[in-house]
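Which chain is which? They are A, B, C, D and E, in the order written, and residues in each are numbered from 1.
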Amino acid sequence: MEYNVLNIGLIVLLPFFAFVINSFIVKKFTNLAVGISCAAILGSFVLASRVFYDFVFGKYSTNYHVHKTFEWFNLNGGGQDFTMNMGVYIDNMSATLLFMVTGVASLIHIFSTYYMKDDKRYGRFFVYMSLFTSAMLGLGLSDNLLSVFIFWELMGFCSYSLIGFYYEKEEAGNANVKAFMTTRVGDVFFLLGILAVYWQVGSFTFVDIYAYLATGGMEGVMVLGIPLATFAGIAIFMGTIGKSAQFPLQVWLPDAMMGPTPCSALIHAATMVAAGVYLSLRMYPLMEAGGLLPFIATIGGITAFGAATIALVQTDFKAVLAYSTISQLGYMVLGIGVGSYNAAFMHLITHAVFKACLFLSAGSVIHSLHDHHTHAHVQEMPRMGGLRHKMKFTWFAMWCCTLAIAGIPFFSGFVSKDRILGDALVMATYNPYYWFPAALGFCGALLTAFYMCRMMFLAFHGEPRDKDLYDHVHEEKFSWNRNLPLLILSVFTLGVWFSGSLTGQKLVKVAHEKIEWFDTLIAEPKLEVFKDYQSQEWGSRDIKSTLTFSKSVYDSTHGKSEEEYHHVHKVHVIGAWASIFIAFGGVFIAFMMYIRKSWNPGWWVNTFSGWYRALQNKYHFDDLYIKGVIQKGLLPVNNFLAWLDMGIYDKYAIDGWEKVNRCAFTISKWFDHIFVDTIGVDGTGASVRAFNVILRTLQSGKIQFYFIMIVLVLAGYIWSLV
Amino acid sequence: MNESLISYLSQFEGHQAFVKMASEMAGTDLTSTISFMIYLAAVLAVVGVMATIGGLGTYAERKISADLQARQGPNRVGPFGLLQMLADGVKMILKEDIIPRDADKFMFVIAPLLCIVGVFGSLAVVPFSSGFILTDLNVGVFYLLGISSLVGVGIFIGGYSSNSKWSMLGGMRGASQIISYEIPVTLSIIMIVLIAGGMSFGTLISGQGGFPHQWYLFHNPFTFIGFFVYFIGALAETNRAPFDLPEAESELVSGYHTEYTGMRFAFFALAEYIEVFVVCGVAVALFLGGYKVPFDLGNGEAFSALPPIIGKNIGQFLQLGSFFTKTLALYYVVIWIRWTLPRLRVDQLMTLCWKYLTPIALFNLLMVAVWVYAFEGQSMFELFSSMGSGSSGGH
Amino acid sequence: MSSHNLDVYMPILILMGVGVALVFGAIIFGKLIRPHNPTRLKEQAYECGEDPVGVAWSNFNVRFYVVSLIFIIFDVEGALMFPVASVFKKFNEIGRGGLLLCTLSLFVIILISGVVYCWKKGDLDWVKSFHLDLNKDSESKKVEA
Amino acid sequence: MFDSVLFISSAVLVLVGSLGVLFIKENLMHACVSLLTALFGVAGLYATLGADFLAATQLVVYVGGVVILMLFGIMLTGGGTSNENKFGIEKVPGMGSVKTYIVAGVNVLVISLIVIRIMANVMKDYKAVPLPPYESTVEKLGTLLVTDHVLAFEISSILLLGALVGAAIIARPTRRTN
Amino acid sequence: MASLYSYLFLSFFMFVIGMAVMIARKNVIAMLLGIELILNAAALNFVAYTRFINQNLDGHIMSLFIIVIAAAEAAVGLAIVIRFFQVRESIHVDDATQLQA
């Protein structure tokens, strides 16, 4: 069995080359640059689908992975041999991730050719997008934590550039700094975690880490009084918290919508926020070993619920979506926390699809709503309403996604979210602590269904509230680069693509057991198999490896006993019905409030006005960070340092030095005058003048004279030698 | 490899026997002497043929131009005016030989000599057939480039020595034009060398076949472009219209040979016509399959029923026919172009060379290198046919 | 690779000898049969029927030189590329074609960068470099301003 | 037999050409043609030494390139003759005088002494070995150029780039300064 | 038949003639011609030694690069000469005694 690694490398390199080429030509050949970017990402998509096909349906079936390394650099010295390897690691999860990222990114690229067409930095946007996509793909292919970190930071830089794309706007400038700084907090911990892992394991490679965990080498190792696995796990999970906008570092993500809408789609759906979850999934065995799962589940539950509550009161179209992103990421983290490995990843994929679609639809809406007085795009929902008459395609696509995210049956969100919630319930029956995150998750699901429908009803249904704005909206005509991505994405919000059946039942039959195809794909790495694993060097052709993964945690419960399996199944059924009821409940409440108008939202606002203000202020997190952390914590430190600099160092060190210099200057002036000028300079001049007379006759400026001199001197020299 | 006429001949028993016999008779080794005699005879034959072709060239030029312009052309001297070239030759010899008073006499004499030596030197490696190539040097085509650059020197000196403004201008233009256009020609030749893996004409032609799809012209898209680059460059190098600026009648009277009369002028003209033939021959050898005959008739194995000396020689004659047919066809195209296209301006000439042909040739060179690397030297048709045979897939 | 002796160069020498003999032979032979009556007018250089003014050997425009300069650089590069090109096929067959491709590409790209420089600076423009002489004054004024 | 013919004719060309470069005084053009002869002869010598590729390179680079460049250079600096010049007799291209030739002769004598002394030493040790047959050098040269000498190969391209750019800058037509 | 010494003699001959040209001539271009002769002499030496002494082709490579350098030298040297001629209206070598134009 052969696999050409070059194909895999090209997946990353194509967008990267596009970035390199485009950065040179973008100013003069904007359209060409855009074409190159789109072609590159489409090319990546083709290659990635080949890889995806090979891994998921094709010759590699479910039990293979590819791990190839090459030596990056080698530091030998001081008796230490340190070889840094880079490589690719592909298993089903990376293959699926690559397929999703390239696919969604391609569609976003295509949509951007519509959305950004009239922007003055049309080309530069694509330059960033190419680098961004390339970094995410590189992260997906990385086989070790260090290269993950490199791509991670590269993505951080790109998101910084893209969020601050309209850098003329002050808010955009602030937003990108905020995003950058906030994620930096997580990144510092992440780096700390990497170093902690390296300190003990001696390698950055995932496989080596798994093998080390399998041998139990980490047990009993303490750092700062806590087990190393816990320490490293928390540190690395802090990276996830920063990147995936988990509580308490979620504040950057809502501001990230300052960037152009397609880039929001890319950041919120396919790439950046997914990277954090992906990292946690990769490091799942470490987290498990560190006993971090309850903590992770709690963080996820809090994020899922808290962000959903904030989303309730947002009036900005994109802000709702931004908070829904945070909330959904919370579900993924919750999934990791309750051991629902493949459901978490599945939610990552389904969320990427419907969230990309939502953002692109939002872009389509915002692009059409052009205020003729302020010459700005309108994002405020109170000024919308009734848009479904004008924008049928967008309306349709957006409803598909809304139903998906709300967890309505037959849509993808139901398939994945239901399983996370079900697993949370199962865990709760084992460990009562999990009732807390599970309950938060269910409440969040209700709120999700409500606020998404609220957004849809406010924007698309009812009567237009801003008549002037409404009249200027053009009828949406089908154009390929605007509506095609929306339609494709909305088709993929159907649950059938992910569950294999319409109702979410398990149809694929593998070994006397009906499971969903996702279950056959994604599985938590089973540590024992990595014990004796050797990675292949780059360039060897045969990379077959015979690792067998367990199916998943989910199915491995079946392995325990018949009784437990029935228990799990029973709980799942309950969970499924509960989430269906909750989803429909949310939709119903929204319907009553905004369509039928039987229930007045104002009553809720008045009754819970304190809560309302808190929600509007996003639980005062920004204030807390600015007033509490920065002003109370950092500013005094800064002032102290400034005082140290100006009051102590400048005053005594610099000024004192000046006095010393003045003294030295006086001495040196005297010395200079006597010795250097009189004896040195004048004396040299006199002697040079004396030699000058001799040398001047030689320095005739006649080349041939020089040549003769050279010949004669050389002749004399050789004569003396021979 | 270094095949040559002698190495072809020495595979026949008769030749070996003759050399042995002669050596025994004379008492010393006469191999070299006999080689010299054979070469001398062959060279005289080639020069004779070339002189005829040069003469025929003038005749053909007039006849074809007449044809293109719906005139009669020379038709009085001999049948169809065929003897016109003889008449011209006689006239040339009988013309008075004038050397201008102010001219640089030594240079004036030496200029046509350089042209003739350059052109004759290049005849040594022209592959007329697999056997009848005077000498197939290892560095054949590179040698040809070098020796034919003597013509440029000759033209420049011819223009310089006359001490006439027209000649001087023509000579300067001629030299700069020839050297400029040598670049795309060289690059196109490197391109073919890269595919063929050798510089000798034997190697260059052996990579091709008798059928058009086996020619390097159709080896890949870039050689197809390269052929036209080469051909345009070759036209310019031989000062043929539309690149005949050095002798532009309407501006420079007659260019670098304004002051030349009689036989000296005739040598310039002869050199030009033979050079046209040579570059056409090289184009044929590089791009159009050279002397190759379809179905491998040329190597004589098809006539194995006959005795080898007859069979092989039939093959040789077929090859000669193939080579001359293609070359003369190109020769016709050259004349056709001359009477069809208007002359370029001098700045257009330089622009064409440096801003179009040279970049294209460089690009072609790189692309052919990439092609050879990527497809392991297969041609387009081999690729298509291998695709058709279903060997697609794995490496 | 078979060896050879120097006889392969024989035809070249013979051809050149024949060429020289032909030129001198024809001229000497022609001397016997052609007229020879030089006159002053006949021996004058042709200048549209007028008496020639001065000599033709005045100095010429530099652009001729620049062209020949670029040519010689290319010529030498070509000479260096020929042996590399002729081993390309062999290296490709043993699987080292990538190495040669990189070498050759680097070589050609460096070469191209020189041409691009000359192109940008207008050394390849026949007419522009001619105009430069005439317009230089106004250009330098512009620069001063 | 033919080897000797080739060698002798090449050597004669070299000798005659070199002497021509030295002693042709009245016209630089003639000296240049004489140089052409010498270089042609060197190409012939290369051929007798079995360096077929170098012989062809000699032809291509020198005959086709350098000599033409020299001829252009001579024309650009006002013709080569000593008696006629755009700038009058006063600014003749110096072809040397008896004095300079005498100095040159002295130098030649000195160098000859040195060389004879060196050669005397070398000849003592040198023993003629049987010469190998002539072989094509093209492929070996190509292989050497891309393996052992690849750095020189690439650097030579940079050298040529520098030469091109530098010479183009220097020779670019500009307004004459005073 | 030609021995090593005949080549060395020819090389020596070209070298001293080139040197003499460099010294005797006052014309810069003529001096450049002399330099060409000197360089050719060196290249010829390399090839001759390759043929007669050790038969590996490093000498050829040296000669090849000598040719390359000679071409570059000729190009730049002539450019300087032409520039010099434009400035000084002379190519007499003794006029080139000042560093400033």
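A few notes on this one:
In this text, a contact is a pair of C-beta atoms (placed from the backbone, for glycine too) under 8 Å apart; a residue touches a chain by one contact, two chains touch by 3 or more.
Because the structure is a prediction, the values reported are computed rather than measured.
The greater number of contacting C-beta pairs, out of the two interfaces A-E and D-E, is seen for D-E. Of all chains present, the one whose mean CA position sits nearest the global mean of protein CA atoms is C. If you average the Cα atoms of chain C and of chain E, the two centres end up 20 Å apart. Chain centres here are Cα averages; for chain A and chain B they lie 65 Å apart.
With centres taken as mean Cα positions, chain D sits 17 Å from chain C. Within chain B, residues 1-2, 32, 35-36, 137, 139, 142, 147, 160, 172, 175-176, 179, 182, 198-199 each touch two or more of the remaining chains. Residue positions 2-3, 48, 53, 57-58, 60-61, 64-66, 68-69, 72-73, 75-78, 80, 100, 103, 107, 111, 136-138, 141, 145, 156, 160, 163-164, 167-168, 171, 174 of chain D each touch two or more of the other chains. Of all residues in chain C, those touching 2 or more other chains are 1, 4, 7, 9-10, 55, 57, 59-60, 62, 64-65, 68-73, 75-76, 78-80, 82, 85-87, 90, 100, 111, listed in ascending order. Interface residues of chain D, counted against chain B in their complex, comprise 1-2, 27, 29-30, 33, 36, 43, 52-53, 55-60, 63-65, 67-68, 71-72, 75, 136-138.
The touching residues of chain C, when paired with chain B in their complex, are 1-2, 4, 7-12, 14-16, 18-20, 22-24, 26-27, 29-31, 33-38, 40, 42-47, 52, 55-57, 60, 64, 67-68, 70-71, 74-75, 78-79, 81-82, 85-90, 92-93, 97-98, 100-101, 104-105, 108, 111-112, 115, 119, 124-127. Of all the residues in chain C, the ones that touch chain D in their complex are 1, 3-7, 9-10, 13, 55, 57-66, 68-73, 75-80, 82-87, 90-91, 99-100, 103, 106-107, 110-111, 113-114, 117-118, 121, 123, 129, 132-133, 136-137, 140. Chain contact summary for the complex, chain E toward chain D: residues 1-8, 10, 12-21, 23-27, 29-30, 32-34, 36-37, 40, 43-44, 47-48, 50-52, 55, 57-58, 60-61, 63-65, 67-76, 78-83, 85-87, 89-94, 101. Here chain E touches chain A in the complex through residues 19, 22-23, 26, 31, 93-94, 96-98, going by the rule given at the top.
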